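Have a look at the structure below, then the notes.
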Amino acid sequence: MCRWMAWFGQPVLIEDVLFKTPHGIVDQSLHSRMGAETTNGDGFGLGWYGTGEGPGVYHSVEPAWGDANLRELAAHIESPLFLTHVRAAIGSPVQQTNCHPFRHGKWLFVHNGYIADLRVLRRDLMLAIEPALFADVHGSTDTEVVFHLALTFGLEQDPIGSLERTIGFIEATARRLGVDDPVQGSFGVSDGESLWAVRYATNGKPRSLFASADPESIRHLHPENPTFQRLSPDDRVIVSEPFSDLPGVWHEIPPSTAVTVRRGGVLEQQPFHPEAASPATATTPSLMPTGR
Amino acid sequence: MCRWMAWFGQPVLIEDVLFKTPHGIVDQSLHSRMGAETTNGDGFGLGWYGTGEGPGVYHSVEPAWGDANLRELAAHIESPLFLTHVRAAIGSPVQQTNCHPFRHGKWLFVHNGYIADLRVLRRDLMLAIEPALFADVHGSTDTEVVFHLALTFGLEQDPIGSLERTIGFIEATARRLGVDDPVQGSFGVSDGESLWAVRYATNGKPRSLFASADPESIRHLHPENPTFQRLSPDDRVIVSEPFSDLPGVWHEIPPSTAVTVRRGGVLEQQPFHPEAASPATATTPSLMPTGR
Amino acid sequence: MCRWMAWFGQPVLIEDVLFKTPHGIVDQSLHSRMGAETTNGDGFGLGWYGTGEGPGVYHSVEPAWGDANLRELAAHIESPLFLTHVRAAIGSPVQQTNCHPFRHGKWLFVHNGYIADLRVLRRDLMLAIEPALFADVHGSTDTEVVFHLALTFGLEQDPIGSLERTIGFIEATARRLGVDDPVQGSFGVSDGESLWAVRYATNGKPRSLFASADPESIRHLHPENPTFQRLSPDDRVIVSEPFSDLPGVWHEIPPSTAVTVRRGGVLEQQPFHPEAASPATATTPSLMPTGR
Amino acid sequence: MCRWMAWFGQPVLIEDVLFKTPHGIVDQSLHSRMGAETTNGDGFGLGWYGTGEGPGVYHSVEPAWGDANLRELAAHIESPLFLTHVRAAIGSPVQQTNCHPFRHGKWLFVHNGYIADLRVLRRDLMLAIEPALFADVHGSTDTEVVFHLALTFGLEQDPIGSLERTIGFIEATARRLGVDDPVQGSFGVSDGESLWAVRYATNGKPRSLFASADPESIRHLHPENPTFQRLSPDDRVIVSEPFSDLPGVWHEIPPSTAVTVRRGGVLEQQPFHPEAASPATATTPSLMPTGR
């Protein structure tokens, strides 16, 4: 399990959100207060939109709390939209190719949670990935497989819908192979223009997910943080674990729910229903998942 | 491309062979004299048989020449049979899971060379891997795929034969997918009891491979190295690039040839002929490679 | 702050003590139960006596809990005497040269605790180091300075006495420069023949330190661990934090106390009294600490 | 030995200069054509001025040619003034604190070359560092000591003069301690407003140093590089080894020479004469170098 966070709003120095926030994501890497793992020291990732073409990504196998390069980048890169992720590995190796966010073109993807029994499911899930994308899976996490399945199922055209089909497909595969409760967690996606987040678990009890609510409350909560003092209704923070417990500051996203954040801080909420589906490659017989 | 080396004989401190040999494998990591890449600084691996159950492996993403831990291990671990590998990455990430030797149970596997156009071939090769082994491929190298194919094709029962079937299968797959000259290089395999090595390329011009020949010549060549002074006919070194050019010291293994080294320094040589074959899993219809 | 552990007794596979012990040191790296820091994820070190000349050391900047190489070494190296250390950095960088144990010739040195206000004290302490040893301080920890001071004050002749003089000198320097409560912690030292440990703090309240007491109790406590089943009165474990709370298993070493463990499990205990002293180099005027 | 490079001119994506230039500094990390070491794979550093307060630095122990994060940063950070350095370690450990550029406040410092016999000189040089700066030396390179000596001798007021005093002091110390030819190399310094470079060796034969000369020639040389096509007389590149051998493109800076580059591409050249001097701290008796 892990923690993640996304900022979308006015351009800010990344450190203002990462390091200058008590109980922010870097604090959570060392000791978070909610959820299954309290230490998330198995790697870190930052993906940001700004200068240059497409998003930049920084992946590190060092714990976020002690990574000198991360402090430097955060203090010298400004971005209106970025995602960060701290990792608690459950089985797969600690290596940069296992760090989130994963990227494809202009798309970034993060996940807090797991696909159960990946050893059992991995082959069938990999086989359903669009063949042209198969060799892009460089690491060994469940999340990278989910991301490439979502790309296969149309992420670039319909982020929420593709995730419904992806998770539906994983659940169907799990049923077929006798794996219970296969999907758990929250997912974050962006193309640099919008930000999507999903909270879902097969068993109905997904890990937490929150959106920042009232800028006024946040300003009061962090009088020492100049970025938060400038916070406007146009700015949104999505977090897998809130920075604080104060009422009014964080809006809990309900289970089985997807949200879309658009420029200007607009947040739309919709039900999230996984949908059993065949991969988009279903029309190419030789590439069909073996189970059919 | 890369370089590798194997020792099989009397137990020696690993550093005697790795660090106390001019032009040894660690020197070759910084500047080798033969072959395509002269710097092999993209990771290092050591697999050794000795204390404990099965072989130990040490994988490092630091260049071998500067790895302080490697010097420590080499100076404090004694082994009668070990393989080392220095890597020059061609495309795939520098990470521990991409470092040779790869291991399965008591088996170790190294490779110097490449599978051409892996992006094109990877999916079909991965599909032919025995499903129970599929999730054991943790990295993104061609060699790890070859190793798991060889396990699928019976490596544990018949090392040379399984490699003939594996390479035959890769060549058949490459033909089908329009990839020329798919296999290049030398391979090293051990189970702790014997050592096998293969020199082969589809195009008939494989990378070099040598076996130590006359202990007497080696003793003369390295008067300063106490291990080499104790060298007996029972000891064998296999190298992808010889430590020196002196005649009589190294025996060149011919192209399309496999050698078996048994305890006591016995070296048997045999022709190596790839053989078009279906995976051992051919009896399980749902697991057939898609191309059939 | 940190945690450390030493084994001295029958030769054991290192993993039996490191990984096969519930609440062992690797567990403590992720979440220890006592002391100031509960996560010790800023590097790991192992120093062991066995094959080869002098002790070997393995230093890693990865958290111990996720370090694949550490698991390999621990499973394939046997040793009758070894020290391990998990680090929680307080200010100094996470790098191999800051990982314990520190080594000089056949000597190993670990420390759990700190020298207060090192920025203020560092120069004066470094100046008191024997000039010939000055360039051997490769990292930036307080502990490496303490170790080289101890070597300067005669560690190799009189381990406990040299530490009394070293800590006395640090306390005198701290008084002169206005630093309160400069010394905190426990120290472990070995030359491969004996093992010494000190528990001391200037303020009288040192971090914890324990010695294994009754082998019978430990055998009962760890029925699943074959090494512990073979535990005899000849075996001693020294730990900064005990693996369990069971009465009779661990003997608490009192504050201001030094212990010596000799072959055969003999444990001698003596009071530890820092002693204001000049460096051994005091006879070489040009090398005197400037403050005198 | 090492290689370094500085850009000062119009803001550019760092990758345009680092990665899109044949024989650029990253190519030189793998195989440079001039100088003592042809592989510079022992770490990398980038220091840049741009967004945020003061320069950012990125230090990596991976070889520059294979560092995925470096490619990301270079592709997504724009800067009008940056220095990069590839390292070939000669003795000191490969760790981030040994990577150039070193930083103090808004100042960056790089060096290609060495201080001879650092083991003999280190203590006396460290002692001459302004005591308040002593604890800022975190690593174990000669360059970091030179930088902190230069700060002691007034770098922030007079960069060239302070380097003359620093090198004069090192040469005097070396004479006293019997070390020949102590200083070798080229140095680069910046405060974000100007760029200074020095080429000097005690023995009169310093490592090479070049400044870009005629933008027109560079444009012709790199027709494929859009940044170089936009090159104007306002842009300057300083390199320890030129990217190409074409006449007219690179101006060799003579031995014993310092250059100052100011905004607008103005390059001033002056003789560089080391000057025997006492540290600036000479007025504080207790902080005098011991050798006096």
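Order of writing sets the labels: A, B, C and D. Residues in every chain begin at 1.
FYI, a contact is a pair of C-beta atoms (placed from the backbone, for glycine too) under 8 Å apart; a residue touches a chain by one contact, two chains touch by 3 or more.
Model, not experiment: these values are computed from the prediction.
Novice: Tell me which chains count as touching both chain C and chain D.
Specialist: Chains that touch both chain C and chain D, as defined above, are A, B.
Novice: If you tally contacting C-beta pairs, which comes out ahead, A-D or B-D? Let me know.
Specialist: The greater number of contacts lies at A-D.
Novice: Given that chain A and chain B are copies and touch, would you call their interface same or different according to whether over half of its residue numbers are shared?
Specialist: The interface is built from the same residue numbers on each side, given that over half of them are used by both copies.
Novice: Nearest whole angstrom, what separates the Cα centre of chain A from the Cα centre of chain D?
Specialist: 40
Novice: Residues of chain D touching 2+ other chains?
Specialist: 68, 93, 96
Novice: Pick one for the touching-chains graph, please: line, ring, star, complete, other.
Specialist: complete
Novice: Can you tell me which positions in chain D touch chain B when the two form their complex?
Specialist: Listed in rising order, the residues of chain D that touch chain B are 30-31, 38-39, 41-42, 61-63, 66, 68, 89, 93-94.
Novice: Contact residues on chain B for chain C in the complex?
Specialist: 13, 48, 50-53, 55-60, 68-69, 72-73, 75-78, 96
Novice: How about chain B: which of its residues touch chain A in the complex?
Specialist: Contact set of chain B toward chain A: 92-93, 95-97, 118-119, 122-123, 126-127, 131, 134-135, 138-140, 286-287, 290-291.
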